[in-house]
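I've put the structures underneath this note.
Consider the two complexes below, in which chain A is the common component and chain B and chain C are the respective partners.
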Partner chain A sequence: MGSLSFALPFAELEVGQHLYWQFGNFSIHGQVFMTSWLVIGALLALVVVGTKKMERDPRGVQNLLEFLWDYIRDLARTQIGEKVYRDWMPFIGTLFLFIFVSNWGGALVPWRLIHLPSGELGAPTADINTTVALALLVSLSYFYAGLSNKGLRYFEYYVHPTPIMLPFKIVEDFTKPLSLSFRLFGNILADELVVAVLVFLVPLVLPVPVMFLGLFTSAIQALIFATLAAYYIGEAVEEHH
Partner chain B sequence: MDSITTAASVVAAGLAVGLGAIGPGIGQGSAAQGAVEGIARQPEAEGKIRGTLLLSFAFMESLTIYGLVVALVLLFANPFAG
Partner chain C sequence: MTSLLLFGAGGLFDFDATLPLMAVQVVLLTFILNALFFKPVGRVVEEREGYVTTSRAEAKQKIAEAERLEADLRDQLKDARLAAQKVITEAEQDSDKLYREALSLATAEANAAREQARREIDSQRESALNQIKADADKLGDLIVERLLAAK
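Moving on, here comes the complex of A and B:
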């Protein structure tokens, strides 16, 4: 089977086809890189434009950025706690904005107009490699947060209520990145597939409400990823008494 | 891939999503029930309840999504394709 593709002008459905770039011994998925660079560029441009001429009464882009800053600060503060949330706010904010803009960019930008020799452009988060990388970053950072805040006392967390919990907590370290990455990847890919299949079956009107539902779930998934990352970091820095 | 592997993969993909949807479906139902009762009892807390409900919905939904990932692997990246 390998991969699947139907050929209708706007209803192509391709899974498992990629634009491979050779990079030394590695072959990388080029379409994912292109869209992630676009997302990063868009975010950078937004931030640069919004902070160029800052005013006391925020207007336009600055207003939007301040709203986002407040939102991310509240998210980080409720999950990580008053003491160290400030250190981790940039990380949580970056995760949230990158995932959010990737998800919405994949759904809103008419990528199908751009033809690639193989594969197609879409949300970078619909590729398992992106989400695994993000989830592993979260794993590394909660270990780092725990070790740098509490030193070796961090490992008390593994035996915290009773030592019986030790195997479960160790398994948890592996299941956390697994579930984080699969949840995001699966949701975004499922959204794209559902819309693609509906467009393939009924090209008019019917896919539109499903697209809105997709936008909604994509936003929620970005929020969940950021919330969980913050929660894991908060769990690692929390003091037990 | 021989036809018996294909048939088994397709059936398994259907079962993975179908069976995986049962549990989260029941769970989302009872979560929604709790939320509606909460809102009926205390309409001013609607915003907070809605936020928590959506977040927990996403967690339940991800269980079905795991089934979907398994189904997609079976259909598009089958390790037994040989």
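Moving on, here comes the complex of A and C:
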């Protein structure tokens, strides 16, 4: 795809350019890891500060953390069910928090002010590698959840309610990670591109509503990813009667 | 823009070692967040939920206890009021009886005294009348004697 470079420093638009770090035969996208470390660092800092001195009457950051915890618990409980939601709450919560902070970080932090030799900083979720990694983790999780909860009876799910469903259910195992990863990747990348193009065309005022829309989309995408992950796990552990 | 290179280096869908490394990173983050965030916050929240539940149960128990005691006291109060009412009525009846008794006793005494007085008056009047009659008879006899003597 090459690159689209424009004159304004804020409005540079580069698609598919990466800062490659080489490790022997392997190469990784440096800019993705740099931003993901910032995201993880921010999350850990928030968590460490908020849980340092927890009390029964919550104060300060503890309130925020408890709100998040409660939100994630409700999400996991409604999708996975009362029985096993506790085992999967940390995974669902980590997905939600990581994607949410990545998306908002990509939208709110003016990364374009930092120049890299190649590629540009942005939300880690705007890179297909990240979203496919997350989606594959979800796939592994629901297989593991189903097999560990029901053993080989998990495969009854493929012929439920009738064996006619078998091919569809097998196809679903491939479409689930595909749709999860491409939905997130497409939304976040498209949002970054729309904002960049608008900033290039009309550098004042006009991009602001689109940026707000971007924040909204980012939050929604994090919620959708976490909810669907929880739903897939819940589907795998559900008992058929 | 001339080359539509989607996969491989420089493409939009450039898969490389970023994918597995990111997966490992997210799994590690899951474990770290579980230890630093989900477990401790969950413990605090659930402790509070337990505390609220037990406190509420205790409060409900106390309310029930208080209501029971209140009902008891109300019953006792009602009984006491009834007893007091009874005592008052009895006392009123007693005093009434005593009054009547005293009144009838006094009336009887007064009647007896009056009767006696009347009887005394009657007897005195009778004796006075007899005296007068005797005196009149004597005087009459005297007059008759004198008249006879004057003749």
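Assume the second predicted complex is superposed on the first by the 240 of 241 C-alpha atoms of A that agree within 3 Å, B and C clash if a C-alpha of one lies under 4 Å from a C-alpha of the other, contacts with A are read in each partner's own complex, and residues count from 1 in each chain.
In this text, a residue touches a chain if its C-beta (ideal position, glycine included) is under 8 Å from a C-beta of that chain, and two chains touch if they have at least 3 such contacts.
Since the model is a prediction, treat every value here as computed from it, not as a measurement.
Peer 1: Considering only the touch criterion stated at the top, classify A:S179 as touching first (chain B), second (chain C), both, or neither.
Peer 2: After superposing on A, A:S179 lies in contact with chain B but is clear of chain C.
Peer 1: Should A:A133 be classified as contacting the first partner (chain B), the second (chain C), both, or neither?
Peer 2: second
Peer 1: In the overlay, answer first, second, both or neither for which of chain B and chain C A:M211 touches.
Peer 2: Neither partner.
Peer 1: Contacts for A:V197 in the overlay, against chain B (first) and chain C (second): which applies, first, second, both or neither?
Peer 2: In the superposed model, A:V197 contacts neither chain B nor chain C.
Peer 1: Just checking: does A:V109 make contact with chain B only, chain C only, both, or neither of them? Give me first, second, both or neither.
Peer 2: The answer is neither, since A:V109 touches no partner chain.
Peer 1: Chain A residues in contact: does chain B have more, or chain C?
Peer 2: C
Peer 1: State whether A:M89 touches chain B only (first), chain C only (second), both chains, or neither.
Peer 2: second
Peer 1: Return the residues of chain A at which the contacts from chain B and from chain C coincide.
Peer 2: The overlap between the chain B and chain C interfaces on chain A comprises residues 1-2, 4, 15-16.
Peer 1: Going by the contact rule set out above, which residues of chain C touch chain A in the complex?
Peer 2: 1-6, 9-23, 25-27, 29-34, 36-38, 40-42, 44-45, 47-48, 51
Peer 1: For the complex, give me every residue of chain B touching chain A.
Peer 2: Listed in rising order, the residues are 1, 6, 9, 54-55, 58-59, 61-62, 65-66, 68-69, 72, 75-78, 81.
Peer 1: Which positions of chain A touch chain B when the two form their complex?
Peer 2: Chain A reaches chain B through residues 1-4, 15-16, 179, 182-183, 185-187, 189-190, 217, 220-221, 223-224, 227.
Peer 1: So in the complex, the part of chain A that touches chain C is made up of which residues?
Peer 2: 1-2, 4, 15-18, 20, 23, 26-29, 32-33, 36, 40, 43-44, 47-48, 50-51, 54-56, 58, 62, 65-66, 69-70, 72-73, 89-91, 93-95, 97-98, 124, 127-130, 132-134, 136-137
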